[in-house]
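First chain A sits with chain B, and in the next complex the same chain sits with chain C.
Moving on to the complex of A and B:
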């Protein structure tokens, strides 16, 4: 062994250990300056221990032309992506199990080139939990801006003068319920297979409230078969309140909302059976859907029901387009609550949706132009800034 | 009454909405350890109680069907029979699907009844796609014509005979049918899909804010 004899070959300059920034206190970060002699023929071996005097475990090994600070994928505001610095993140839990609080961890590096070796000094650090992921600052700024605009639009809600384009699917609700009343057949309202944490399911309950209110007024009958028990409980309350508000509490029945199955195809088979037997005049398929979308919508189309669908599952939209009379596409579904209730505060939030889309359009157009120019004229900095700002970390 | 029915639920939604949003800005492991795991436990507890209610609702609705002898009431009897059989088998098999290499009675039900019935239901989807396609291909509007043309190119592109015919008839275009189908998938289809997705994403953000700040509260029943 010829330790330290090759110090002039691969000497570790400014070797240091620190806590890995923005993590949950699981990794240590080792840094040292690159050497002009770093090459694929040379190797760095990284050792770690809980003691200064021994118990060394080899935690990493790599050729000297790899692992630079610029390889660590963090944005420019959170990390200096230097190419003249080696940087290695050591996952301590992998090697030492559950980490103890305030415990010191020791590190050393042996550089090897040919038969010669150089052993670095021993450095140490403690790891700590970082409670704010600074790398996600870009996202936080966007969220705060959206918060600000949201509060502004809501506080400036106007009663009149806000143009809202017609949404045919929502305008057809009256027609569908009227048809059901005339034919004396029930209405099926299907909330899909989403849970209550799915935004489309929440949006579906908004529409259910409006539909149930109108059903109560027309003295028709709505059936709401459920896939999810929690959604069923929420919908029961929504329908009950709608009947109360319509002044028809006597017409409300507990079995309007009923549980069918928490299995996708059992649910579809059961609801298909009910639709085939009862031949409803109208079917609403509004919420989160997957493969059962076509199974449900096609059966509804076969029995001649007027069908209004709405989902944010873009893969299911083609099936609804081809089988339903009206389809609410994604954002229309979210806007339905505001559209139907005509409440000024809710309507004003639609403006925020428009501002959001306008921002995306502007960002896409400017982004395309800047990225094209940066490639053409080799503006690496512009390229990097744009990439970092619009990336999720 | 208003306090219990409106203000407390709205406060819970606001606090947990903001906290859940905040977890995005702390490292995932810490969010998991200190918040998400606890929330998941609570959700499971609520779901367990809700499931009991759901079971009661299921039995009640099928009981009514049998009592009123509505169309297809005979199927409702199978709900009770199926439930009892599975519960008895699950108790007998101690909830296990296999004992060593052998299937338990519960495992047998899953493999030879449940799985086959689910697969059959999924297979019906293929038939429905055909019947839907048939209805959609009746060209009544310009949109239906565009849909039909896109589908026609696809069918030609995916069938070997279609490839042969295309090569014979349209060789002079110097464009293969796979290039046409790839273009349809990668250009107009992706453009439309991304447009929809951007709209959905923006709509989801605004809807979330409306719920967190209690502006949209129809999911709690009307005021």
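Moving on to the complex of A and C:
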């Protein structure tokens, strides 16, 4: 082989190594200028090592007409998508295992065309974790805009109040609790199998507070079997607070909330057993549910309980429709806390959600129109900008 | 595993399956046995998962490394910088932050210091909300928009059924999304055009739920077939007809129980009548 003999053909101009920007310190970025002689017949072999003198591992190989700076998937505000620059991201963890801090990694490239080879100089870099992912700037902007509108809607709601349309499932809560009081049977409130980081569980605790308040007023009894011990502790506080606010702290009992199991189906089997034996007059199934949804709701329906369900797990909603009297669909569940409490802070979140939905409608209509026009008139830039703005990195 | 243990395992598996299925008829002591066994086994399983997958590798072992690492500090005087350097480099001190937050949850069992548990719960809730907000914005908001924004016509394609269906699909998805979103408007009264769009949105939702229902039911049936397949396996002579004997015994129990209960209720009625 004639190593370096064809330097004038496959010479790597401005070859450099750097830390991959905006990542968690896992990749190195190699860049060099494209050559007019880059073609499908020529190949680049990328080698990496932890030493300058040897231990080279081939980490990538591709034909010379591929892998440009424009192929790096970063948005236009964070990365200049150029066609005149080769750029390759090397995932170092894949080749060297767990990366050490402040360690230097070395790279070289061998370009091959026919029988000729050219070996580049050795370049090196360290990789580091970046504090700020500039590629997610769009995400931050959206969050800040949402936050700004939230502040505005809170003040608006406090001053003028907000209208909320009727939600049938929530109006039925009084009916369910009243029925339980008349029949002298307990009410089961099931928060599902979500953790406290699940939005539907947080929404469920809000609704539990309202339900517990009404239960305290009617002097009925609520039982809350739990899957997650942390949700249980939060719910205990919520129920205790509701009883205090209703002026019935004497009626509150610690065992209203109780832990059953953290195993999905044994939890379902156990709660099913309790529902069958105690025959509650009303069952609330509100929160995050998975495959146990039908097991619970069906047993509730069998014992003749009035059932109100609500979840954002769209695959479980059909089961609630078939077995429950009222079902809160996804967003209605989030709205429930505000609907029941009528607190300005919560009401304003509803208005905020509506603004968000309105924005989605407008963005979709305008986006489709622009995309259609960009296809017809070849406005590549419009296409790219739209994609970059709404893409998540 | 010996043949005897396989047969015992078959009887236990067939028995517990039939006990659980017996709930379809009515609540009974056999279901209660299976229910409580399942509950206990489930919790036991999760306890060992937490113990071996979380507590041991993430708390016990880092603390052990730290304690071993601290052995070296005995050779330095406390006022020397080497002492503090050795303390700092002995191991991962950050392990104590989540450990203490986790331990704080236990304080709720002690009335006087139960307030400490609020730190742990507050952290969990704050962390959860903080994690959910950016993820929700990117997945529920931005990705949803990007997934819907598609050109109505494909570039360079002539009019054909394929291109017609592409245009129709793109329009249908966008139209469905807009109508469903209008259904979920809470701060606007549903009347006039909003009401009409909202009603169309409900149809879209129901179509989706119907498809999801069918899909999930098919999945559940495959699980049911799995249990039936196992029962069929345990009904063979190799397992001494475990499935048939247990099912027959349960049927006998229900028949006897029915007559005994009927007799008892008749006796109770007679007593109350006299």
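For the reader, a short list of remarks on this structure follows.
To be clear about the criterion, the second predicted complex is superposed on the first by the 353 of 393 C-alpha atoms of A that agree within 3 Å, B and C clash if a C-alpha of one lies under 4 Å from a C-alpha of the other, contacts with A are read in each partner's own complex, and residues count from 1 in each chain.
Just so we're on the same page, a residue touches a chain if its C-beta (ideal position, glycine included) is under 8 Å from a C-beta of that chain, and two chains touch if they have at least 3 such contacts.
Remember, it's a predicted structure, so these values are computed and weren't measured experimentally.
Contacts of A:164 after superposition: chain C is touched, whereas chain B is not reached. Of the two partner chains placed by the overlay, only chain C lies in contact with A:372; chain B stays clear of it.
Using the contact criterion defined above for the overlaid structures, shared-chain residue A:242 touches chain B, although it does not reach chain C.
Once the two complexes are overlaid on the shared chain, A:155 sits clear of chain B and of chain C alike. Legend: residue contacts after superposition of the two complexes on their common chain; A:53 is shown touching neither chain B nor chain C. Looking at the shared chain after the overlay, A:102 reaches neither chain B nor chain C. In the overlay built on the shared chain, the residue A:234 is in contact with chain B and with chain C. In the superposition on chain A, contact of A:278 is made with chain B only, not with chain C. Shared interface residues of chain A, touching chain B in one complex and chain C in the other, are 136, 139, 143, 146, 199, 202, 230, 233-234, 260, 262-263, 265-266, 269, 273, 277, 291, 314, 317, 319, 322, 329-331, 335, 350, 353, 356-357, 360.
Interface of chain B with chain A (complex): residues 21, 24-30, 33, 46-47, 50-51, 53-55, 57-58, 60-61, 64, 71-72, 75, 117-118, 121-122, 124-125, 128-129, 131-133, 135-136, 147, 193, 196-200, 202-211, 213, 215-216, 218-222. Interface residues of chain A, counted against chain B in their complex, comprise 22-24, 26, 129-133, 136, 139-140, 143, 146-147, 150, 154, 199, 202-203, 205-206, 209-210, 213, 226, 229-230, 232-234, 237-238, 240-242, 245, 254-255, 257-260, 262-263, 265-266, 268-269, 273, 277-278, 291, 294-295, 298, 301-302, 312, 314, 317, 319, 322-323, 329-331, 333-335, 337-338, 341, 345-346, 349-350, 352-353, 356-357, 360. The residues of chain C lying in touch with chain A in their complex are 20, 23, 27, 31-32, 34-36, 38-39, 41-43, 45-46, 105, 108, 117, 121, 124-125, 127-129, 131-134, 136-139, 141-146, 148-155, 170, 174, 177-178, 181-182, 184-190, 205, 208-210, 212-213, 215-216, 220.
Only residues 136, 138-139, 142-143, 146, 162-165, 167, 195-199, 202, 230, 233-234, 260-263, 265-267, 269-270, 272-273, 276-277, 291, 314-315, 317-319, 321-322, 329-332, 335, 339, 350-351, 353-354, 356-357, 360-361, 363-365, 367-368, 371-372, 374-376, 386-387, 390-392 of chain A touch chain C when the two sit together in their complex.
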